[in-house]
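Each of the two complexes below includes subunit A, the first together with subunit B, the second together with subunit C.
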Partner chain A sequence: MRPLDEGESTAVFEKLFKFTGNNLKNIVENPSHEGPDPNPGRYCFRLNKNKVYYVSDSLVKRATNIARANLVSLGTCIGRFTHGGSFHLTVHCLSLVASNAIHKVWLKPTSEMSFLYGNHVSKGGLGRITENIVPGDGVVVFSMSDVPLGFGIAAKSTQGYSKLDPNGIVVLHQADIGEYLRMEDEL
Partner chain B sequence: MASSALNKRKGAKPQKASPKKKQKKESFTDRNPKKPKNVQLLDHSDEEEIEEHEEEFDGVMEGSGSDSDTDSYGGDDPLPGSDDSLHGSDDDDDEEEDEEKGSSDSDSDADIEKKSKSIDKENERMRREAAEDVEVNINQESNEFRLPTKQELEEEAHQPPDLSHLQRRIQEIVRVLSNFKKLRQREGASRKDYVEQLKRDLSSYYGYNDFLIGALVEMFKVAELLELIEAFEKPRPICLRTNTLKTRRRDLADVLINRGVNLDPLSKWSKVGLVVYESQVPIGATPEYMAGYYMLQSASSFLPVMALAPQEKERVVDMAAAPGGKTTYIAALMKNSGIIFANEMKEPRLKSLTANLHRMGVTNTVVCNYDGKELPKVLGSNAVDRVLLDAPCSGTGVISKDESVKTSKSSDEIQKCAHLQKQLILAAIDMVDANSKSGGYIVYSTCSLMVAENEAVVDYALRKRNVKLVPCGLDFGRPGFIRYREQRFHPSVAKTRRFYPHVHNMDGFFVAKLKKESNLKPTTAESRLSETLEAETVDIDISMTEDDSEKNARVDDQQHLTDEDTKSEKNVSEDGKLELPGTVKKRKEKKLPSFFSHLKGQFPGDQKVEKKVKLPSGQKKEKKVKLKFPPREEIAKAREEKRRALRKSKAKNNNIGPGEQ
Partner chain C sequence: METETQFQVDLGNLMAVDLHHQFHSIPSSREELVKECIAKGTELVQAIANNLFNLPSTEDIEGPLVKLPPPTTRLPREKHIPKPKPPTKWELFAKAKGIKNRKKDKIAYDESSETWKRRYGYDRANDEDNVPIIEAKMTDVPGEDPFAKRQQDKKKRVEKQDKNRLQNLKQAAKVGALPSHVQLAATRLPITGTQAAPQKVTKDELGDVAGIAATATASGGKFDKKLPGEKPGKHKGKYRTVCFLPVIGGKGIHTQEQEQTDKILNKLISKNSHEMLNVNKAVNMYNVKKDKKRNNRPEKSSATSSQLKPRKNLQKKPYNKGSSKPFDKGSKKPFNKGSKRPFNKGSSNKGRGK
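Let's look at the complex of A and B:
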């Protein structure tokens, strides 16, 4: 387990910025009440076996005596570096990202299951959408009862999507909570 | 007229009862020659009908005969007992006789009368005999249950097992054993024979192997055993646990009911449990499940975490964490504060553990992949506040989930499991900090019913470390065994709890909560002696010197768990006689029996008896309950001396006696 170096840090923060925008500082400077001290600690990022973890200080300190080979997971995993060196967010970070997201989309109940199977979001399944979405933005997908279902990349802007035919793709799927059941081994 | 039609009908009737059949035929053949006579006497109106009947009658067909008969009766009033069934046959005989009396000569009358009377007598006799038979059979069945003889057993072995027969026999044996004095067989079948036969029947009916059935028979009374085995055949209800980090039980119940799930709160002892009766949607694949609002978990798995009762901001270790149901419950109780170390030895199970932790939104956990026995070295001794050890076990309590356990467990496997569990519990105890402000607790739990894996392991921990048992907080369970067969455990083992499928409707489970009293490990001279009483409380030491040398030899082995320890558990009497090595004894001044009193103070043993050893502080003083008599040779010597003294005094008396008298 080691802290991220420059390049890795930039990659991670870039990806997070797509989804959270200025709320990124909430994530980074989140006070952590996990430790035994009454003063809240901070959260930090650590890298282990190509996976990036978001952990509080106190946890990191106590986890240092675990050998690298035997350490499996710390705190919350937010994503992994691929073999080629690019960083992808995984579904594990959903709760963290969803609470700080700026671009949101709400799905109709009928199209929830389709998204949870890994399909993209089509125009017909859209219930609500926040404004000012630009194509290429990170979007977090919710159900109508405000349960976060996953996230993806916007394919069209908020104004542009109304011109689409009903089967047009609005949000490209990246990760969803159905993966816990479908792809448990690959996570 | 009607009479002749009756005749014809009579002939065509189906003859069911054989004796009646014979008589019918006889009567029929007798009556046949009379037919023409009767025909002549008939009214003209019926002649045609009768002729028709006669034609039909030649090719006797039951159906056609009866049909035509009923047709012919359409106009007439139905005679009593004149339906096609056989019940009316006697009556019909009488009626016919009456009819014929009126229409035939007196000679034939008398014959018929005689015949009918003899028929009657026959019937009476048969009925009486049948009734007696039935009575005799009932009497036999209700009063006497006989164990099958060897021959019968051999026969059965050759045939495929008759399940209903087996089931009946099982019920009968249980009934006999419950009231043994009254219901036992006269020829002196012992209780053991009945129990052996019951064991054989149960293993063939339910599919258990001999070892497991034997173990269960020793633990339970016979009627309860049957209930337990029946409960193992059915699955326990599906339970789920609300994730209090994300939702409340009420809200979750509402959402699930909307989806079409039929559920109820689990019990009054749990605020987060729900039991699912039936569900229209797959309960393990709802969007709420995927969002981490609840976890599918059996009710028995709630118990060790409730016993552990972790507080916020504590450091907790879960030594066998996969698939993560208990770990996530701990995190929910701690509200994501503090630190949890979730350890799992088997790599393939780590994935499900991490997935569950992330799904349920747990952020305060570190997952590592170590062998549980190495954990104290990694995390440090005396470093954490609480430890949960849900030990790998033989699984005899969850037979309803996994039927292969019925046949795959043997005595060796249980011993292996017990060995591993003992090492793990010592490691767990070593990790805990006894001086922690809010903690210092270890919870040990298994999903097994075997005493060797439950009470024996806890007793071992009590002897090897400075821990004591405390109440679990789960008062609806049954207390653990204090004594079992030849083993005797520390009396506080009664504070552990056992759960059974047939009593609590959850999987078989065992929970024990220990509190660590001191961080010091007991060394060889200071290890605590628990009150392990054997069945025979009086023990005569063969020689004290032998004991001493053996004790010295064993001192080195004290710290390591060797085969000796496991052997000593198996061979309890040997253990008891030789005493645990290096044990501190505080003995009261023993009162030797009176015939030794004159020898008091002469034996080396006596000096030991009076020695008082100073115990290190913080340890409880244990009373030795064993009486120690002087060694055998010395007893023999004493007896010899006494006899000599007696002889002398007798001789004296004899010499003096006559003189005095």
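Let's look at the complex of A and C:
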């Protein structure tokens, strides 16, 4: 386990920034009330075997007592670095990202299942959408009851999608909570 | 070995030659020619067999064993006669000066130990490297080490000699008269049966190999001396940063890690600050405000003047992103970063009484 170096930090923050925008500050400077210390420590990012974890300081201190080979996971995993060095967000960061997201999309109940199976979101499945979405933005997908289902990349802008045919793709799927069942082994 | 039929038989090569053979008539067809040749060949082979069986034979498990005599016919050369090599520089000089090569003995008399020692090699006679004392001469510089100087002189002499040897070889190669072992080393011959000889190493391959070799150094080849024209490597230095931040941050408000994250965050936010302000939205709000003003003003001013004024921008602007409006950021009005203009309905002409 080690902290991220500059290049890695930049990559992680950039990916998070796509979804959270300025709220990234809230994530990084979140006071954490875990641990015996009365002063709230901060949350930090740690790297263990190519996976990046979002952990509170007090937890990190205790995790240093575990040998590297034995340490499997700590805190919340937010993503992993690929062999080629690029950073991908995984579904585990959903709760963190969803609470700080700026671009949101709500799905109709009929197309929820389709998204949970890993398909992209088509125009016909869209319930609501926040405005000012640029193609390429990170978007968090909710159900109509405000349950975060996953996240993805916007394929069209908020205005552009009205010009699409009903089967056009609006949000490209990146991660969804159905993965916990489908890809149990790989997570 | 001649027989009655005057065939020349060379038993060492198992060969029989008919020197006086003539084609009596030009055979009309190919088959007749073939038949004649086979007939003649049979006679020759018969002659070889006769002579073979005349040789003294020894008994072996498989049958009579005969030792063939050495061959009598000389086979022609496979390779060309070696070209005469051009004389080396020393040879030319010696010839010009009339210096003859004198034969030396292997043993020479050593003055210092007063024994006979070999002339070269281990424990040689009159060895110049092992003198205990070197007398100082008038020409000597005081700070110099004479032993080191001798070693350097010898090195220089050896280098010069090597250079001369290479020059001689180059001269010989120009004529094409390289000694065979050098020729073989220069152009590696492929082993028969395997693939063709390996091609010359290309520039890119050499660069790659140099890069791989550079990773053997602790600094990843960053400080290696480069030849003139050699390009710097693609992967400079080691791949990893050696120094990571400490795992647990120290006490206090600003640890190293926090500083790093703050720095990166600020960079990110400032890079994307133009997206914080939604320019199109602000522009549209400004335009709508202007429309409201213009709609309110015609009520106050006289009817004629308003009719004379050309009515422009009275339709509500369509709100589309990336719109056709050629609004470039350089000429934008001074908005405050991140703050929206107070859009007060009906109060727009309060301070602007006309």
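One rule holds for everything that comes next: the second predicted complex is superposed on the first by the 187 of 187 C-alpha atoms of A that agree within 3 Å, B and C clash if a C-alpha of one lies under 4 Å from a C-alpha of the other, contacts with A are read in each partner's own complex, and residues count from 1 in each chain.
Heads up, the rule we're going with is that contacts are C-beta pairs under 8 Å (C-beta built on N, C-alpha and C of every residue); 3 or more make two chains touch, one makes a residue touch a chain.
The shown structure was predicted, so the numbers you read here are calculated from the model rather than taken from an experiment.
Chemist: Look at where subunit B and subunit C land on subunit A after superposing the complexes, then choose clash or fit.
Modeler: Superposition check on subunit A shows subunit B and subunit C fit without a clash.
Chemist: Is A:82 touching anything from subunit B or subunit C once the two structures are fitted on A? First, second, both or neither.
Modeler: Neither: A:82 stays clear of subunit B and subunit C.
Chemist: In the superposed arrangement, does A:26 touch subunit B (first), subunit C (second), both or neither?
Modeler: In the superposed model, A:26 contacts neither subunit B nor subunit C.
Chemist: On the A-aligned overlay, A:177 touches which partner chain: subunit B = first, subunit C = second, or both, or neither?
Modeler: After superposition on chain A, A:177 lies in contact with subunit B alone.
Chemist: Can you pull out the angle centred on subunit A between the C-alpha centres of subunit B and subunit C, to the nearest 10°?
Modeler: Taking subunit A as the apex, subunit B and subunit C sit 110 degrees apart.
Chemist: Examine A:162 and indicate which partner it touches, taking first as subunit B and second as subunit C; both and neither are also allowed.
Modeler: In the superposition, A:162 contacts neither subunit B nor subunit C.
Chemist: Scan A:36 for contacts with subunit B and subunit C and give back first, second, both or neither.
Modeler: first
Chemist: By residue count, which of the two partners contacts subunit A more extensively, subunit B or subunit C?
Modeler: Comparing subunit B with subunit C, the partner touching more subunit A residues is B.
Chemist: Kindly classify A:65 by the partners it touches after superposition: subunit B alone (first), subunit C alone (second), both, or neither?
Modeler: In the superposition, A:65 touches subunit B alone.
Chemist: Considering only touches as defined above, state whether A:110 meets subunit B (first), subunit C (second), both or neither.
Modeler: neither
Chemist: Give one of first, second, both or neither to describe whether A:57 is in contact with subunit B, with subunit C, with both, or with none.
Modeler: second
Chemist: Taking the superposed arrangement, what is the smallest distance in Å from a C-alpha atom of subunit B to one of subunit C?
Modeler: When the complexes share the chain A frame, the smallest subunit B-subunit C C-alpha distance is 15 Å.
Chemist: Once the two structures are fitted together, what part of subunit A is touched by subunit B and by subunit C alike?
Modeler: Overlap of subunit B and subunit C footprints on subunit A: empty.
Chemist: In the complex, go through subunit C and note every residue touching subunit A.
Modeler: It is residues 241, 244-249, 257-258, 260-261, 264-265, 267-269, 272, 275-276, 278, 281, 319-322 of subunit C that touch subunit A.
Chemist: Where on subunit A is subunit B touching in the complex?
Modeler: By the definition above, subunit A touches subunit B via 33-36, 56, 58-59, 62-63, 65-67, 70-77, 91-92, 95, 112-113, 116, 143, 145, 147-149, 177-178, 180-181, 184-185, 187.
Chemist: Within their complex, state which residues of subunit A touch subunit C.
Modeler: Where subunit A meets subunit C, its residues are 1-3, 5-6, 9-10, 13-14, 17, 21-22, 24-25, 28, 42, 44-46, 57, 60-61, 64, 132, 134, 157-160.
Chemist: Under the touch definition given earlier, write down the residues of subunit B that touch subunit A in their complex.
Modeler: Touch list, subunit B to subunit A: 255, 284-285, 287-288, 290-292, 313, 315, 336-339, 341, 350-355, 357-359, 361, 363-370, 378-380.
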